[in-house]
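Next come two complexes, and both contain subunit A; in the first it sits with subunit B, in the second with subunit C.
For the complex of A and B:
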């Protein structure tokens, strides 16, 4: 038996590939329906239809050897001899399942950077704006600013516009000139030209103008300040504009969720852009025997890369052969993923955006002033010490939103670059999802 | 045809379609604020929308710390802002 955790593009591709030789598969996911964030409720909302998803969904539902366990939140994984025991919560009940092999495809979430007003109602991630629309058919506001960096801003802005929102601004922090460094990646992935053309047409149709080198530098009471920034993300003085809007949807690429692989003990490494990811071999094997990892958790690369990684992981875990052309496809998609990292980097200048009173840790309401003081007055020299002094990263989200930002702020204040060890330590947590002590007590053998 | 759902949020009645999350239903009804923070008493709403950030937590039928962006609204649910 193989347990696949996560039913987004990587997990679905893995389950489908592994089922080709009849292997028994349990596909566990926290949502009511398969698709993950990328294909959430696909087909029901304008602009999000996908033939590729439909094909994969129908293969998954017709495969007799795949059991789909939905609305199940995995909170821990234990090793029992040669077996992995996966503990999950489903409808308030604690259950578990064992298998010889695991494929982890836990995906990613939007990275956020703090700015004055980022904690006010109406400020959210682009992923949130899209999830509300795809999952519930609800527009987060009539007037929306979409900002941050990366190609994900385009489907979010055009998707909201197709459903009737007025996109009052679309601001990319980086310059498109960076793509000149990566022309080879575009030539290896010519399909991307078609996507660019598609979104370009939609932007024209909805009269959305995409502006570069700009960021939302503050948000309050229905108005956003949009500032010109340089390539290091420092705000250029005197060049700003006030935009009236219900919502600012701001995102800075993605962070993978590493929790489950971390619990199992899979080795991690720091990617070229500072993101902590899992180290895997050419067949998506992690450092732990019988654990494969695919998708965003092995390097942010989008759905195309996730699909081929998932397929390779599924074939490898079910002892099927992997053709050279599949291996080449993975390399081709990886080259494109690396081009994205080069084209949409995050400049350290963001650390100058928060004011002293700006919240850095949303859960524990820790301000920039408190973090600064932990370094300058209390002598914290690394983010771990700063967290102990301030409680930053110790709330319900367990630092998923702020811990990388806190590490980088403390690095900036102490004039030290954040070490790989620190980046890896701040990405791991012993329990994947909050669970009550009662359930924890009752659920145990 | 989609079923209509009625639930209460802080004792006020809201209706939505079945399958919508509590947070989505409230935002669709122009009720953006979901709770106030413990220390600063600041208003908060949805932020990540996918269950990562826990900013949208509410109490649902007496159970605290439920993410309103993940939980689908059900008939007769009693939802209260977390304190």
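For the complex of A and C:
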């Protein structure tokens, strides 16, 4: 038996590939339907090349050896001899499953950077705006600004426009000139030109103009301040514009969800863009025997890379052979993913956006001022001590939103770059998802 | 600071307290740590300042004085570490004989107690399971935020002429003619005639560098942290089994739950003990037992969500007493370590014992039960077992 956790592109591809030789598979996911966050599925999936998603969905639902366990949230994984016991919550009960092999495809979530007003109603991540639209058909507002960095802003802006929102601004923080360093990646992935053309047409159709080197530097009461920024993300003074909008959807790339692999003890490393990810080999094997990891948790790369990583993980976990062409496809997609990291970097200048009163940790309401004081007055030198002094990262989200920002702010204040060890330690969360004390205690032996 | 009067190794609450008390006695003190402030056991503690869990004896005497010194330390450096005389409530479900006997003895040794019948117990803790028949209230039990306390105390030391160097790993302790002369660290060499070892779980390793030895080992403990809730728990509440557990040297896993609310609104559930080496892995079975015990004390907590769990390592000596005093063989090397789960509470009292001994002042108690000398009479095999 193989347990696949996560039913986004990587997990679905893994389950489908592993089922080809009849292996028994349990596919666990927290949503009612398969698809994950990117293909958030309400019967059909809209967007670029969504046919791939539909194909995969039908293969999964018709495969007899795949059991889909939906609306199940995994809160912990334990090792019992040679087996992994996956403990999950479903319908107000705790259940568990055991298997010899695990494939983790836990995906990623949007990265937020703090600016004055980022925590106010009306400010959200592009992923949240898209989730509301695709997941429940709700449009987040009439007038929307989409901003941040990365190609994901395009499907979000055009998707919202197709559903009737007025996109009053689409702002990319980086310059397109960066792509000149990565032309080889585009040439290796010519399909990307078609994707760009597809979104270019949609932007034209909805009269959305994409502006570069700009960021939302503050937001309050229906007005967003849009500033010109330099390549390090420092705001160029005197060049700003007020845009009236109901919503600002601001996202700064993605952070992988490392919680479950961390619980199992899979070795992590720091990617070229400073993101903590899992180290895997050419067949997506993690450092822990019988645990494979695929998709965003092994490096942010988008759905295309996730699909091939998932397929390779599924084949490897079910002891099927992996053709050289699949291995080459993975390398080709990885080259493109690396080009994305080079083309959409996050400049340290964002650390100058928050004011002293700006919230850095939303769950515990910790401000920039408190973090600064923990460093200058109390001697915090890393995110762990800053967190112990201020409670930043100790709330409901367990630092998923703020812990990387806190590390980098503390690094900036102490003039010490954040060490790999610190980046890796901050993803350690033994309770992957909240569980009631009652259920927890009832499960004791 | 190349030539301080004293070097304190370890910037947890134990080291910070010694540094402050020496500074206040006129010493120029250098504090160093292999990490940052509070990066060891202090950073994984609940902040317990307890007298209720101690049997009459030297540790209780130390705890009582130390508890008062906590409030003096707050007056000295400022109200910035959430020190609160919250009070402890120890409850008994069935046979309250052992608890009542212990508390009577404690009261003869200076502990303030108030015996509770069913009605007064449930008045103090209205959400406690009705099956608990009786208990004892200990108003002296207190609580602080230990990481903040260590940070503020070290800040005061630095403001009063001391120095603090972080990320400095000790690589060598120089001993000449049986006395310490200085240390080498990853951040440079320093000489001083007095070196205080306040390195908690690493204290044995440090003693070894000076050619001495201390039998201090780590004991793992877990703490559960819930989501913020309405105030359901008003004191530190624990089952009377806890007291028996603290004094146990049984190597098997034992759990006994202490439940308390914090200012942030979260509920902390702690006090499991497991004697292991430095194995950092999470043990979900312990979390389940802690949760089961907490909900049996407070059934209303069944629906409260657990958000976090963390583990720390408590340094302990074979006889479960702290090690406070000058090294048995190396002059000028002082130890304040091995406080197990009571390091926060016992820190300022231990510091006072050391400072008074160094100055030759009269001490508030006979410190010989804590003396590092006591391990000399034990065979080395026994020490290491």
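For this structure, a couple of remarks:
Just so it is clear, the second predicted complex is superposed on the first by the 437 of 445 C-alpha atoms of A that agree within 3 Å, B and C clash if a C-alpha of one lies under 4 Å from a C-alpha of the other, contacts with A are read in each partner's own complex, and residues count from 1 in each chain.
Basically, a contact is a pair of C-beta atoms (placed from the backbone, for glycine too) under 8 Å apart; a residue touches a chain by one contact, two chains touch by 3 or more.
As the structure is a prediction and not an experimental result, all values here were calculated from the model.
By the touch criterion defined above, A:275 lies against neither subunit B nor subunit C after alignment on the C-alpha atoms of chain A. In the superposition on chain A, A:225 makes contact with neither subunit B nor subunit C.
When the two complexes are overlaid on their common chain A, residue A:434 makes contact with subunit B and with subunit C alike.
Once chain A of one complex is fitted onto chain A of the other, the partner contacts of A:351 are absent, as it touches neither subunit B nor subunit C.
Residue contacts after overlaying the shared chain place A:377 against subunit C, while subunit B stays out of touching range. In the superposition on chain A, A:396 makes contact with both subunit B and subunit C. Of the two partner chains, subunit C is the only one that A:78 touches; subunit B does not reach it.
Once the two complexes are overlaid on the shared chain, A:37 sits against subunit B while remaining clear of subunit C. In the superposition on the C-alpha atoms of chain A, the part of subunit A touched by subunit B in one complex and by subunit C in the other spans residues 395-396, 434. Against subunit B, the residues of subunit A that register as touching in their complex are 30, 32, 37, 92, 109-110, 112, 119-125, 127-132, 135-140, 257, 362-363, 365, 395-397, 400-401, 434. Against subunit A, the residues of subunit C that register as touching in their complex are 36-39, 43, 147-148, 151-152, 154-155, 164, 166-167, 224-227, 264, 269, 281-282, 284-285, 287-289, 291-296, 301-310. In the complex of the two chains, the subunit B residues touching subunit A come out as 17, 19-21, 23-25, 27-28, 32-34, 37-40, 42-55, 57, 63, 65, 69-70, 72. Remark: subunit A residues 76, 78, 87, 263, 265, 364, 377-382, 384-385, 388-389, 391, 394-396, 398, 429-431, 434-438, 440-445 touch subunit C in the complex.
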